[in-house]
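To start, I am sharing the structure in question, which I have written as structure tokens.
Order of writing sets the labels: A, B, C and D. Residues in every chain begin at 1.
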Amino acid sequence: MLLIALLLCPLLAAAVALPGLLGPRLAERTGALLSGLAFLLSLVVAARVAAEGVVSIGPEEFLRADGLSAILLLIVTGVAWVAMQFGAGEDALGRRYLVLSHTFVFTMLLAVLINNLGIMWVAIEATTIATAFLVGLHRTRSALEASWKYILIGSVGIALAFIGTVLSYFNFVQRIGDLSYALHWTVLSRVAAGLDPDVTRLAFVFLLVGYGTKAGLAPMHTWLPDAHSEAPATISAMMSGSLLAVAFYAILRFKVVADICIGTSFTDHMLILTSVTTVAVAATLLARQANYKRMLAYSSVEHMGLMCLGSALGSLGLVASLLHALTHAASKSMVFLLSGRIRERYGTTRIGSVRGLLRSLPWSGPLFAGGVLALLGLPPFGVFTSEMLLLRAGFLAGRPFVTGTILALLVFVFISMLGHLNRMLYGEPPEKTPAGEDPRRLWPLAVNAAVLLVLGVVVPGPLMRLLDRAAGIVAP
Amino acid sequence: MVPYLLEGLQGFLTLALSPGLIGFVRLLKARMQGRRGPGILQPYRDLAKLLNKERVVSTQASWIFHAAPGILFASTLVAGLLVPLVAAPLPLDRVGDLVVVVYLLLLGTFFLALAGLDTASAFGGMGSSRAMTIAALAEPTIALAIFGMAVAAGSTNLGEIVARTLSHPEATLSAGHLMAFAALFIVMLAETGRLPVDNPATHLELTMIHEAMTLEYSGPYLALVEWSGQMKFFLFLALLSNLVFPWGVSVEMTPGAILVGVGALVLKLVVLATGLAILETRLSKLRLFRVPELLGVSFLLALLAITSSFLVR
Amino acid sequence: MSAEIFARLVTLASSLVLLSGISVLWRHSLPAYIRTFARQSFLFVLAILLVAVQVSDVQLYVVAALVFVIKAVFIPRVLRRVQRHVGADIEVRPYVNTPVSLLLAGVLTLLSYAVASPVVNLGALPTRGGIPLALATVFVGLLIIVSRKSALTQIIGFLVMENGIALLAILATFGVPLIVELGVFLDVLLGVLVMQVFVYRIRETFDTIDVDRLKHLRH
Amino acid sequence: MTSTDAVIGCLVVMGAGYLGAALLAVLRAGRRSGVALVTCGSVAGSAAAILALLSDAQAGLGFPSPLPDLALVFHLDALGAAFLLLIGLVGAPAAIYSLEYAPGGHSAGGGRLAGTMLPLFLLSMSLVVLAANVFTFLLSWEGMSLASYLLVIDEGDSRERRSAGRWYAGMAHAGFALIAAALWLLGAKTTGATFVEIREAAATLPSVVRDVVFLLALSGFGSKAGLVPLHVWLPRVHPEAPSHVSALMSGVMLKLGIYGLLRVGLDLLGGGPAWWGGLLLALGVMSALGGILSALVENDLKRLLAHSSVENIGIICIALGIGFVFRACGMTGLAILALAAALYHAINHAAFKGLLFLGSGAILQATGTRNMEEMGGLIKRMPRTAALFLIGAAAIAALPPLNGFASEWMIFQSLLAGATLPYPFMAAMMAVAAGILALTGGLAAACFVKAFGIPFLAMPRSLRSAEAREAPSSMQLAMGVLATACVLLGVLPFLMAPLLSNAFRDLPGLSGVQAAFRIGVVMEAGPGAAGVSPTILALCLLVAGALLPCALLAIGAARTARRAETWGCGRATQTARMEYTSTAFAEPLRRVFTDLYRPTKDIAIDFHPESKYFVRSIQYKSSIRTWLENTFYRPLFDLARPLAGTGRLIQSGSLHVYVAYIVAALLLLLLLARWL
């Protein structure tokens, strides 16, 4: 019952925002309220999953929340609530923005909760369609170009993922016969040992390339910087924070099946190859970057590469990668929301023409700086803990060279991003930019800051149990 | 003999003999250059005259100018108490070793250089800069020389070095030993401002190094500075003679042995002084930027001394 | 109908679907592309009916009807309206000229045989002969997107690829569960509608639908 | 209450002091109470250190965490206590100093960020020394870098400061990455990656891994300590920080690099082959010579001090290197002598370098400039600062009664003991190292005659230095504390005896070994070896110095003095332009070492239009960019730039290329799938 209520919240919020039912301001506020409720519900679900392991409903566990999906639930609903709350006061982006953003949240929740892999694919494809209009909302030339590239690459990529799903289903039907709930993940993982290794390997490749496109892994990442820098701040916060993680969740689901069937070495090598290319590409592109939103997008690509590496390093690596998903979602969504505020104040996304950020925005400036420092993996913030855990897992899993190269690339990223940040923070703000701001509008970001600081020092007990359950699923 | 009486003798000898030694060297050089030259006691007369003259102090000078002569004189005197002039294991042997003696002399040069800078005159600055350059370049040779002797004697204490050379007289004939002596001799020329490095007798502003720093001093200050310079010269020669050829340095503390020690010291100093005087009349002053080459040669000599002592060990 | 005839008919239908896909590479005019796509969808419907008759599964008939209505009738009309409004009928010079495209299509087909070999020799499926052809159609669809410059042609390429995938689903598993099939159709339909809206917008802002001009967002 | 509880109590007080001060600064509450809290924090830290050293208390503190790898575990052992004492020694004066330090007119004690970051910087440094597992060590290490980075950046915005900030952040993070790689590699085989487990597992590691770990740790900690090839950031960053922070960075943070080397090299790896020590010795010699040569020709006072820090770190590494070699050859008694000499010089350097940086801060506040060419005659305007700066300068030039001489003497004795090494080549190298060490000592004396003489003596060279005012009392108090430390550490070395002899008792293989030295009134380097007694030496100097004026009076020397113009070959008046400048002072040495400096020289002569023989103006510009930067860093940057360019090709903007990437990736992975 809990899961259905959870799914209904965004649907209701989207319905309420349809024209004619409520005034725009009221619709916006109820939407924010409902996403807050969704966040609370997901907290309850996470607590129950930490205690009982699985929460499910419907025949053959149609809607199912286990350790892995509980964490993704927290990320999706948390980021959605902060974004909606932060965006509530924004310039009225119109009804279409409200309807589509809540549908976007619904599709992500569905993708995470559904047990049927086919419908999970449909949900993820639906996210592409929902966000296509949101990326192009600003009606500028570059926004249109970004949305066209986004929809086309997204659809092509996702189609390849469907081939993977079909091949898995074919594999199941051929080897085990046509059961009624064949495409359910629980059923598939139960009989995975009996699947045909070659077809599984083939299916995993298609799935990795397909869902990798949505997760922003190189070389399928090319749409990400355009889409994230042109979309409105709240949408790019949600896309960077949760959509990439949801796509990665899909890959993890199939990795479980593939590992049972053909052992972990194949999937690990694939994931390591992709992750090293991803971090390398992000590092070179971050070096000479002139647009701060694109800089943040490339930082997302880099962090997705780190998560992908984590999942290939055994159970501790998976704990690190999920912890990284949490901390990355918190810091990236905060920074993207603030970049919206900066663009609103300076009117441009060029790093060169943003100066004296600390003086003109006395509250958002330091928060933005703190967020970017967190993304660089500096200590008091959670990203440092997850990166250290990642290094630990890397050396524990006996892959010193890969971890060494990743560490070197991270230093390269650190130097370039810090240079860009410093260029924005210091100096005199241009004359016509008004100084000062009202801190009360920034209250939702307190959640992000709290998550980052708490995870920076200690990983709380219940969260740790949840992470262990999730790791138990993927790497038993 | 009461140990501190011995140290008193050391102090007295350093104070008394040093002006005489300088007087003797000047007399010898005068005679070699066909001049009568002032008597041996001339330096004593100069010091007495200076002590009674009035001090002229520059308006720019700070307390450093007033303190530097005192510090210079005190440090050189304390160095004198440590160097084994007449007896080997001195009472103050465990207080200061060869490294302490060298660094005490460096302390004096340090404050003299500061005093040179204090009076805001171009010559003072030039003197300090050049003096410190030469002091810095001479350091490595001194260190290697000390290293060589200490490796042979097992410790840098002056008493042990003298005792070691006394007990193993054949060591002095080894190549390493002689090369160490030559290196130390060149360093002595540089440190005390003797001819090839710096002309002690000149007042030509552009060429003098030690003289330039003390240009502004007068009266008792000048006396102290001059005396310290003479004592430094005396100590270097004493070090050279007693460490390399320690015969005559009394080991047991009987008055007779002490007298023999004093006699041997005076004899060795006279021999070294004549050698120096001959050397100075034959050599002319090197250009300042050829001095590092000279010090480089001495460094090489010291290095050869050590490596030969290692490899032969 | 005996298994032997059924297998040969299914392979024939799949090869015709592939051929109509390849003919898109051969033609140059946009209306011709739309007609070819309609014909390909119709051939695909025939393939589904063949399988439906053989397996006598009611769901497949529903799927065949849906494919016919959506892919053979509705989408071509939408695309024709867009093409008339946009007014571009001759495809601008593509990156890869026709002979090279056809050669590439051939290479891709061979490649899909190599890729699909584990799938083919896994099961004793009567329809296993068509699977590599379906995969080839997917690769041809990708080739259209990569080599053609006009936005409309890229939508056609995407739809050809979609047909290939749907054909693969039908041949390999005699149709995925209905609820998933409906979801896929909904997605394809919405996807195409969204894309054609963007084509209108691109026409208004860039007054051309040549995607080669859309190169402002870089680095 | 056992000694362990006392130590833990002091540590808790230390943590509370620092955190309380940081909190007060965030709430912009009283600055005085903030500084008081930091001071008592530092004092508590030092007390804990002394207690831990004297009694063999094993104070440990662990915060349990569900994931053993991320647990925060602290443990204070003897080695950590020695460095904790060092942090307290400089921390308290720096805090007192920051009370009224406000150069360039911005608010005293820096803004809110500087106020919070100073206590956090001290806290993170103390935690580095207390950390007992890999995660805590890395957390506090990076926290230290971040806190010091923010302190440097917050000092005010200027182009050099921003480039200094970037240099610092880059090098600090690269160093951190190397250390992280080394420690995680070291802890790979253990369950919780705590130092205890690593110590046991280290012996079983294959020797290749041990060498790789040591090299990684050497480059990581070497870059933080400022060893030669990786020292380039140090002279750029330290001058930009507020002076009390530069004092902390130079005096203490560099030593944590040395602590890291000791911890990884001798403790976790338990000593290794002799070439480790040889490499460290070579790097130490290069750093010492390179550092002092750059310091000599420097005109910016704080940059001069930063270069001199590189030199002193080099000297410490020389002693460390010999310690490693002795440890490798099993001569543990002599190893403790060398390591104690290194630790003693580290503490002494913290004292006098801290004093010198605080002094340069006082000058900066009084004259508003760091350029020595614009200073002069400050001893008349700032007599007390001048006296304290002189003590620091004399100490760093290793002049006898002060602490610089004591530690340099011990290092020379360890080099001498090195002559007894079994490898003849290594023994000969000891002699060369002794020679270069002495050359560095001599050049340091020359450099600090310049560093004291030019700013303080003679006539003021600019209006501001003519009107300079004496530093506020709190700054003088801070400098006074450090100056007394310099004198006491030098004259009464037996104060350090307990610290030096049992600082290394917890290192494997060195515990319970009879140290080769005994420090009482007489410092003896090993049985039968040389002995020196700075105490009696200082006494003799004092007596001689005191007796002198009485003797002069006794023999009736003239007492009258007359003030007159400095003699200037009869010219009219004495002006500031006639006195020696710092460039002129260093010119002879610059000429001697030209092939190392390779100065760039360009002369522009503006002739009179009519004839070539009349010159209107000559412009001479010469700059020294150390050859190291051109040979090592320039190509590194040139290599990185095109690499960054390749990125731009990937994101070319064309949709077709993007889809082609996906197809290519798919085909590549399919191929791989066939063979993997």
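Convention: contacts are C-beta pairs under 8 Å (C-beta built on N, C-alpha and C of every residue); 3 or more make two chains touch, one makes a residue touch a chain.
Because the structure is predicted, anything quoted here is derived from the model rather than measured.
Q: Could you compare the number of C-beta pairs in contact for A-D with that for C-D and name the larger?
A: Looking at contacts between chains, A-D has the larger number.
Q: Among all other chains, pick the one whose mean CA position is farthest from the mean CA position of subunit B.
A: That would be chain C.
Q: With chain centres defined as C-alpha means, what is the inter-centre distance between subunit B and subunit C in Å?
A: 101
Q: Need the CA-centroid distance for the pair subunit A / subunit D, whole Å please.
A: 44
Q: So what's the Cα centroid distance for subunit C and subunit D, whole Å?
A: 70
Q: With chain centres taken as the means of their Cα atoms, state the distance from subunit A to subunit C in Å.
A: That pair's centroid distance is 31 Å.
Q: Note the residues in subunit C that touch 2 or more other chains, in rising order.
A: 115, 142, 145, 154, 211, 214, 216-217, 219, in rising order.
Q: What residues in subunit D touch two or more of the other chains?
A: Where subunit D meets two or more other chains at a single residue, that happens at 647-648, 651, 655, 659, 662, 670.
Q: Could you list the positions in subunit A whose residues touch two or more of the other chains?
A: Expected reply: 148-149, 152, 156, 202, 225, 285, 288.
Q: Every pair of chains that touch: which are they?
A: Between chains, contact exists in these pairs: A-C, A-D, B-D, C-D.
Q: Can you list the subunit B residues touching subunit D in their complex?
A: 51-60, 62-64, 70-71, 73-75, 77-78, 81, 92, 94-97, 99-100, 103-104, 106-107, 109-110, 113-114, 117-122, 124-126, 128-130, 132-133, 135-144, 147-148, 150-151, 154-157, 160, 205, 215-216, 219-220, 223-224, 288-289, 292, 299, 302-303, 306-307, 310-311, 313
Q: Across the complex, what residues on subunit C touch subunit A?
A: Touching subunit A: residues 115, 118-119, 122-123, 125, 135, 138, 142, 145, 151, 154, 158, 161-162, 165, 168-169, 172-173, 176-177, 179-180, 183-184, 186-187, 190-191, 194-195, 198, 201-202, 205-206, 211, 214, 216-217, 219 of subunit C.
Q: Flag every residue of subunit A that touches subunit D in the complex, lowest number first.
A: For this pair, the touching residues of subunit A are 148-149, 152-153, 156-157, 160, 201-202, 204-206, 208-209, 213, 219-220, 222-223, 225, 265-266, 269-270, 273, 281, 283-288, 316, 319, 373, 378-380, 384-385, 388-389, 391-392, 394-396, 398, 400, 403-404, 407-408, 410-412, 414-416, 418-419, 422, 426-427, 457-461, 464-465.
Q: Would you pull the subunit A residues touching subunit C in the complex into a rising list?
A: Going through subunit A, the ones touching subunit C are 116, 118-119, 121-122, 125-126, 128-129, 132-133, 136, 141-142, 144-149, 151-152, 155-156, 159, 162-163, 166-167, 169-171, 173-174, 182-183, 196, 198-199, 202, 225-226, 229-230, 285, 288-290, 294.
Q: Hey, which residues of subunit C end up touching subunit D in the complex?
A: Residue list for subunit C touching subunit D: 95, 111, 115, 139, 142, 145-147, 149, 154, 211-212, 214-219.
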